[in-house]
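One chain, chain A, appears in both complexes that follow, with chain B as partner in the first and chain C in the second.
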Partner chain A sequence: MALTTRTVGNVTILELSGRFDAHMAPAILEWYGKLRTSQVVVNLAGVNFIDSSALAALTGGMKRCRQQNGDLKLCALQQPVQVIFELTRMNRAFEIFPTEAEAIASFRR
Partner chain B sequence: MNLQADDLRLDLPATNKYLNVLGACLDAFIARIEGVDDARIAAYNIELAVNEIVANIVRHAYANTTDGRVTMVVRLIQEPRQLLIELADTGLAFDPTTAVEPDLDDVQIHGYGLFLARSLMDDVSYTRRQNSNEWCLIKYL
Partner chain C sequence: MDTEQARDKAIATPHAQANREASLRDQLCRQKYEIEELAGQLVETQDLLLAMYDLSQATRSHLGLGETLRHLANEATRLVCVKGAILCVGPTIVHHPTALIDDLSLLNHLEIMEERGTDLILNTPQATLPTGITNLCFLPINLQGSLKATLVLINREGNFTAPDLKLGRAIAEQAGAHIEHALLYQETLAQTRLQAEMDVARRVQLHLLPQARPNVPTLDIYADSRPALQVGGDFYDFVSEPDRPLLLLLGDVAGKGISAAMIMGLVHTATRSAARFMPDPTPAKVLSRTNNDLYDDLTLLDSFITAFIAQYVPEQELMRYANAGHAPVIYRPPNGRAQLLEGDGIPLGVLPMTLSEDYTLDFTAGTLLIVTTDGFNEARDPNGVMFGYERLLELVDEFADQPAQVIAYGLYNTIDGFTGGQIQEDDQTLIIIKGLGKDGAS
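On to the complex of A and B.
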């Protein structure tokens, strides 16, 4: 899995690609440790697999951002990876957008 | 499980590092099965279910050791056509009473693994043998 970080205004974009599983989840937790903002978009366009450990890492990040009056939003999920969000109903907990631009724009509302 | 001629058997270290190997193996096996409806989604869901059980084995069954091993046997059965996947380890026994169903109305961080496997497969069963744990996952194709 590869991690790329960008900033657009006050929003930090975390772009992931590859397989996001229990082996890679600690890398995301480490990334949160360096995070200085609470407005985050995780772009999952390049992620072809997500397991419950990865979901836990995303959920932990979302809770952390919301505690700081921000949010962690998701965008560009591939169809197969959506199943884990649907079965766990995390698709209701996260704000999920089709595109990165829409996710970024949602912070300006 | 006594191996049959067309069974695929994988034996690997019980570490999250090799979850991708399990996934690739299952993908390749399912790709050779003809006439599977929406094969890409089916393969993904089976891979996720197996991934969750193996991640639980790594985390719980081998909580006290780093040198455990997991074996996976994959078998295609006909009439009705089904994929049978057996996962075995020699770690600590699984206690079913500790496996609480997640509260889907709450945002919880952990506790979805077995729930996901059961949701994605047609049958998930667990047997404790003398010194080993055996998980049997079945998906009708």
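On to the complex of A and C.
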């Protein structure tokens, strides 16, 4: 599991890869603590597995951002990850985009 | 001729005697020197033994790694007569009495020592040393496993000599044994704590599960939960109140261990109070109220709950249900095929609203509703292949004619066979509800 970040304008992009599970969730929660903006895009293109701890970590970030009038949006979900979002209906709680560019652009609307 | 020989002999004898005496004196001198040397070595060995004894005594009562390292550094400073000592064990660095050398220089020298693979002695004026440092001695400490450890001695009056090195090596060897002891203690302590936490979590979980199944003449109900080694936060409950329809619920808290068990306790209370005291508690209303009650707590704890609630309406042979992000829920109409019932609501604790609505299923004789947690479909075989939903649906069709309890055993046994005796990674919880019809026949 790897974690890299970039900034595009006011939007912070968090790029994850590998298995996103209980081992990775604490690192994500710690990362939120250092976050300066409330506009975040999590790019999941490299993530092939996600579990409930990971969903909880993403939910935590989404709540923090929305409290500060921002949002945490997701993009580029692989099929197995997409299925988990649909089964848990988490796809109704998050804004999910096919590409990173679309997710970033959505903040400018 | 005789006189000549005798004269020669007379001259030679005192000469030879003198030679013999000289060689004896030499021999004596050598032996005296050897005895002195031996005595010196004995004293040195005795000193060493005494020093090791002191070290053992001083360190014996200290169990934590930090405490052990502080004492070892203190004793090493005293025994080798240096100004300070450092003990490095993995990422832990302990200075005594204070940091005489900065971290960067320390790490650079450690790297050099590691490359050499043996002791490193840096005496002035030969070596370039950081300011305030006159000499340094780096001694590797052998530990079992991959962790690296080093004893650093700083500023010996004069310079480091061979006896200092000998003493230093002996201290490093002793220190190794003490450090290993402390590391082992630390590991055991952590394991004991984890074990205690798991025991508490499991006790909470077992305490919250209902002790008896509700008795409804037109339903065959079976429920069970097999907790994993590390409790996973699964729960189920039945709320049966006089003059109120029976509520059956099953859920899964995101996260594991004691925090999951605590949240389970909160849900238990919240759903029970909603089901008991709301004027008209439909499944969707109970989910919504539970979400309202727990939203702030779940936000604080960075968790959420997937939950499924069903409510039986015997007069109409109907099952009303609402789903907050829970899967899998399997429905099988009499003589039909098992199918997944997809939910509409998001899990509890994600948004201030649940978006769950009430739906109804005909629940006549032979109808099956099976709600499990993901411990079933996510169980893996020894090659890492997941059991999956398809196999679960086929299994339900296969066992559909059996009573609820037999279906449950069938599911558990099949999963156990599939995983091939590997450790159960997640809780496996299920509720099986089978319609018996108004005459109560299966």
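One rule holds in what follows: the second predicted complex is superposed on the first by the 109 of 109 C-alpha atoms of A that agree within 3 Å, B and C clash if a C-alpha of one lies under 4 Å from a C-alpha of the other, contacts with A are read in each partner's own complex, and residues count from 1 in each chain.
Following the convention adopted for this analysis, a residue touches a chain if its C-beta (ideal position, glycine included) is under 8 Å from a C-beta of that chain, and two chains touch if they have at least 3 such contacts.
Only a predicted model underlies this, so the values are computations on that prediction, with no experimental measurement involved.
Look at chain A after the overlay: chain B and chain C clash there.
By the touch criterion defined above, A:Gln82 lies against neither chain B nor chain C after alignment on the C-alpha atoms of chain A.
Applying the stated contact rule after C-alpha superposition, one finds that A:Phe49 touches chain B and leaves chain C untouched.
Of the two partner chains placed by superposition, chain B and chain C are both touched by A:Ala93. When the two structures are aligned on the shared chain, A:Arg19 is found in touch with chain B, with no touch to chain C.
More chain A residues lie in contact with B than with the other chain of the pair chain B and chain C. Contact with chain C, but none with chain B, is seen for A:Leu29 once the two complexes are overlaid on the shared chain. Once the two complexes are overlaid on the shared chain, A:Thr59 sits against chain B and chain C alike. Among 24-32, 114-122 or 384-392, the region of chain C with C-alpha atoms clashing against chain B is 384-392. In the superposition on chain A, chain A positions 22, 52-53, 55-56, 59-60, 63, 87-90, 93 are in contact with chain B in one complex as well as with chain C in the other. Per the touch definition, chain A reaches chain B in the complex via residues 19, 21-23, 49, 51-53, 55-56, 59-60, 63, 79-80, 83-84, 87-90, 93. Across the complex, chain C is touched by residues 22, 29, 52-53, 55-57, 59-60, 63, 86-90, 92-93 of chain A. Only residues 15-17, 19-20, 23, 40-41, 44-45, 47-48, 51-52, 55, 58-59, 102, 104-105, 107-110, 112-113, 115-116, 119-120 of chain B touch chain A when the two sit together in their complex. The residues of chain C lying in touch with chain A in their complex are 252, 254-256, 299, 302-304, 306, 325-327, 342-347, 349-351, 355, 374.
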